[in-house]
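The next part holds the structures, each set out as structure tokens.
Paired with subunit B in one complex and with subunit C in the other, subunit A is shared by the two complexes that follow.
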Partner chain A sequence: MTRRTRRVLVTLAIGLPLLAALPWIASPVVVQFGINMLIMATLAQGWNIIGGYTGYSSFGNSVFFGLGAYGVGIAMAQFEQPFWIGLGLGLLLAVIFALAIGLPVLRLKGHYFAIATLGLAEVVTAIVSNVPIAGQNVGLVLPLLKSDVLFYELSLGLLLLATLTVFWLSRSRFGLGLIAIRENEEAAAVMGVNTTRYKILAFMLSAALTSLAGGVYAYYITFIDPAGAFDISLNVKMIIMAVFGGPGTVLGPVAGALLLSVLSEVLASKVTNIAGLFFGLVIIVAVVLMPRGLADLLQKFRRSGWRYFAQNIRSHRL
Partner chain B sequence: MTKILQGHHLTKRFRGLVALHDVSFELNRGEILGLIGPNGAGKSTLVSLISGTLTPTSGALTFEGRSLLKITTHHRAHLGIGRTFQVMKPFPGLSVLDNVCVGALFGRDGGEHRLEAAREAAHACLEFVGLGHRVHQRAEALGGPDRKRLELAKALAMKPKLLLCDEVMAGLNHVEIEEVIEVIRKVRDQGISILVIEHVMKAIQSLSDRLLVLHHGEKIADGPPREVLADPRVVEAYLGRRRS
Partner chain C sequence: MLLAQVLLNGLLLGGLYALMALGLALVWGVLNIVNLSHGAFIMLGAYATYFLFAKAHLDPFLALPFAALALFMLGYAVQRGILNLVIRGPMFNTLLITFGLEVVITFLAQFFFSADFRTINPGYAGTNFDVGGLTIPRIQLMAFAIAIGLTLGLWAFLLHSRPGRSIRAVSQNLLAAQLYGIEPRRIYAITFGLGTAMAGVAGGLYGTVSQINPYIGTALTAKSFVIAIIGGLDNPLGVIVGGLFLGLAESLTALYIGPTYTDVASFGILVLVLIVKPTGLLGRTA
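For the complex of A and B:
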């Protein structure tokens, strides 16, 4: 435990100043790329709480993202409120939504939970498209703030908040309760874990972080519409990044998001047309060779060497 | 003696199948009650009704004088009911210590909330069942006998008043069975009431103060081990009718 703690702290101490200094040394294009990357990392980290730690593969997180975005959009474009109010509004919307929807949906397990949450995005898109205050299907235009450095640092702060939350989780009673639910829900209940309450709290925590990222993103791109804000492919990206890095670990999802963002950016600039193809290939190879993510690879590769990959292929009967 | 657990006319139906039919029983404080019966007799079903993973179709169940029927599974753990599973349910991805730690953190009265104190309690439980040397291994790395011990340690870490042991000796050899019997006796000496399901007849005979026999979901005998095992109905349930 102490060694793991030290690793997290050292990574933060080295990584954080480097990331924070980036906007002052890099070109605007890189900064814009950085904002997207940091927001993706925050989303992956938010998904990590419900998907990685609790073991419930949520496809509803893009809804939380959208609600966060619309909170900012409605507050700023319709009521001319400051950004912070909008952020709070989005947070409130997302957390209440997680509570209301979590009660029925978190009774489902495995694939059924995934399918039920998958439907949510469609439903919410349809609802928002018909709400006048949310600009219906035309969308909302937010006031322009041309300061990429500010958005960059804001996104970085958000990622730090998400990572510290997960770090606290990983060494708390609450977190161990969530892991127990993931590993065996029936046994967890028999041992005294209030599984219903814990699952809903995890869902709400995940929703809170995700909605904040959505709020920042909305202000950054200054325009939101239902199709963009509740985009289900964003949810797929969160899952890919979290799982690639290592679900249920503190730094895995962040590492996964940073690496995959860079990779897809490089591919997009080198082989423009078929970048998606290469990206897909990387994902497939990663899933086959290291199904438990980078974190597990780093941990076990030292001991098993190249056999690690062979073991994975064998144990998952591919 | 005061009664810690009482069941009145418990029935459990799974659609057409009657797993338990009109079973009444009681467990005295500080007693070891052996629950036996052939496969499919309804033993594990009864344990699940008590621990709360199943709800009875009809009947009543009281623990320390209060009805359990409306009480959720995790709340029963807080009241002091701990169980092991016949089909072991460890948390495979966690270390052996953290597995037991979950019991210490969430068990009776909501458990010990401080992580370090819970770890120490968990460590003591693992020493108690003889797993002290494997605390840092992953639970999935343990073999059969050690998994049985782990199940026991997890339940004990909850500091239960009532311990339900579902076949903790199955698959163990003679030496290991002796060790587990010794552990269970020591648990009883701490004042914990115990319900043991077991197939190993010799073990349960020497361990139990009283035996309860189920057959096809019905109670066919209840009393001191020697008397119960001599009961013709019990002999018939296990060995079949003598042809003469």
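For the complex of A and C:
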């Protein structure tokens, strides 16, 4: 067992029971905050697969989230099916969508991929706003289930699933193939990685996890509309959390999501009117001082101390 | 006749669109920064023009040079003080940092200017010409002329002036440009400043034809992307083609399919162009 494996397992062994026990010791407000935080962490982890490991910065993950939410919404509100069916429907929609758009879009590199997925997100939002079965612009109202504890544990389970998936990725042949694609796609292809298949599978995996989070979230808030379900700023948040924590690491995105959620929650309650400003400033400062995220900071800070920040600036400035 | 009027409106709108995207395309093409805060700079330009008009009682079209100058200085400072620090890092980081900038600028605008809708309404707003049965709104026509003129002006500047040549030199080969004595930090800042100055003028013109508030930036950034992608990044004339194309596509979609489908059309075009020819309709083949 390597040191990294041990670290992941120890974190899980300590963190998981603590997190799971939270609804029984904390106030309802904290539990509701916890649900949001866990969903965000799941989304950051889902983005980590395509953005962090494969190096394709997707702005289409909010589409997967929205499709997951609409799967549950349509199944429950329009056809009175149980939640699980809706979750499956959303999963199916998202994975098929990832497969269908992955083929043309994953050929694009860098900024072009990011903007193509951004464009797709806009197209899907606009289409859903015009589809009658999805409630058009008005949205869908889902049956109410007042059990925050259930939603909390469900979200925790999802985050665990996502993290274990990424943990498996980090050790598997498939995951190494994705890292190879991120580092140098031509070289990866030369070494025998089927880059097209690997990228599409990574996209589908990312879509699956993200859509599940969308489904749970839809049932939890009991109302979905196109603007909320396909919100692009949600996609930006996933990216920021993953990048802040450390993209391409197992625990980084989770740590980034937990830390930034707590930070923005505390700020929103203490200094309501400047919380928005602070969020923007954190992004700017973090990109300048620690462009490789918390994971890299923790690793290198011990060796270089405060010089770590200066080194980052020196190596990236003009 | 209705079709002709719709086409004309689309073209006039398209000229303004071209100017909106010009700065984004310039910064993207030269600095390889996809500036997510571009729309926020357009918004600031609109407010600068608005305040010069409402408080200093300046004609909005005379206020444009001042708005451009203010936005140039702001853009220069942002590139010099912040973006130059991360520009050699992973490409994704510049995307994130400009998003952070957008959040900060939008917040400050809302804090200082309030979230109220504003309009720039000079006395001649709403006056029209009639040409052969077609109605030409006067302000839209002036905005169109300025937008096209500035785009052509920038093209000439890049081709023939000394700073323009330096900008093209650093975009073609940074190292070689440095060997020839070009100071890239300054040229990068000038380029970004030019981009935000163009955004500032576009914002001022946008304010004369449409309502403004601190949150208009995001949607305008998205539109600018579409235009820059359609036109390609190789030369400023591309954005004219992209802008007119988008203006026409939006107007025709609104007429024949329905106003709620304009976003499907414009972003659908974006995705299709990216998939079929990522260097833009006019761009070099990859």
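The rule is short, and it goes like this: the second predicted complex is superposed on the first by the 316 of 318 C-alpha atoms of A that agree within 3 Å, B and C clash if a C-alpha of one lies under 4 Å from a C-alpha of the other, contacts with A are read in each partner's own complex, and residues count from 1 in each chain.
Keep this in mind: a residue touches a chain if its C-beta (ideal position, glycine included) is under 8 Å from a C-beta of that chain, and two chains touch if they have at least 3 such contacts.
What you see is a predicted model, and the numbers here were worked out from it, not measured in a lab.
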item	value
Which superposed partner A:Ile240 touches (first subunit B, second subunit C, both, neither)	second
Partner chain(s) touched by A:Ser147 [first = subunit B, second = subunit C, both, neither]	neither
First, second, both or neither for A:Thr195, with subunit B first and subunit C second	first
Which of subunit B and subunit C A:Ser172 touches, first, second, both or neither	first
Contacts of A:Ala187 with subunit B and subunit C, given as first, second, both or neither	first
First, second, both or neither for A:Thr5, with subunit B first and subunit C second	neither
Subunit B and subunit C footprints on subunit A, overlapping residues	none
Complex contacts: residues of subunit A adjacent to subunit C	57, 104-105, 107-108, 110-112, 114-116, 118-120, 122-123, 125-127, 129-130, 137, 236, 239-240, 243, 273-274, 276-277, 279-284, 287-288, 291, 313, 315-318
Touch list for subunit B against partner subunit A, complex	51-53, 72-74, 77-78, 82-83, 85, 89-94, 98, 101-103, 105-108, 110-111, 113, 115, 118, 154-155, 158
Partner subunit A, residues of subunit C touching it in the complex	28, 32, 34, 82, 84-93, 95-97, 99-104, 107-108, 111, 184-185, 188, 222, 225-226, 229, 260-261, 263-264, 267-268, 270-271, 274-275, 278
Contact footprint of subunit B on subunit A as seen in their complex	171-173, 176-177, 179-180, 182-184, 186-195, 248
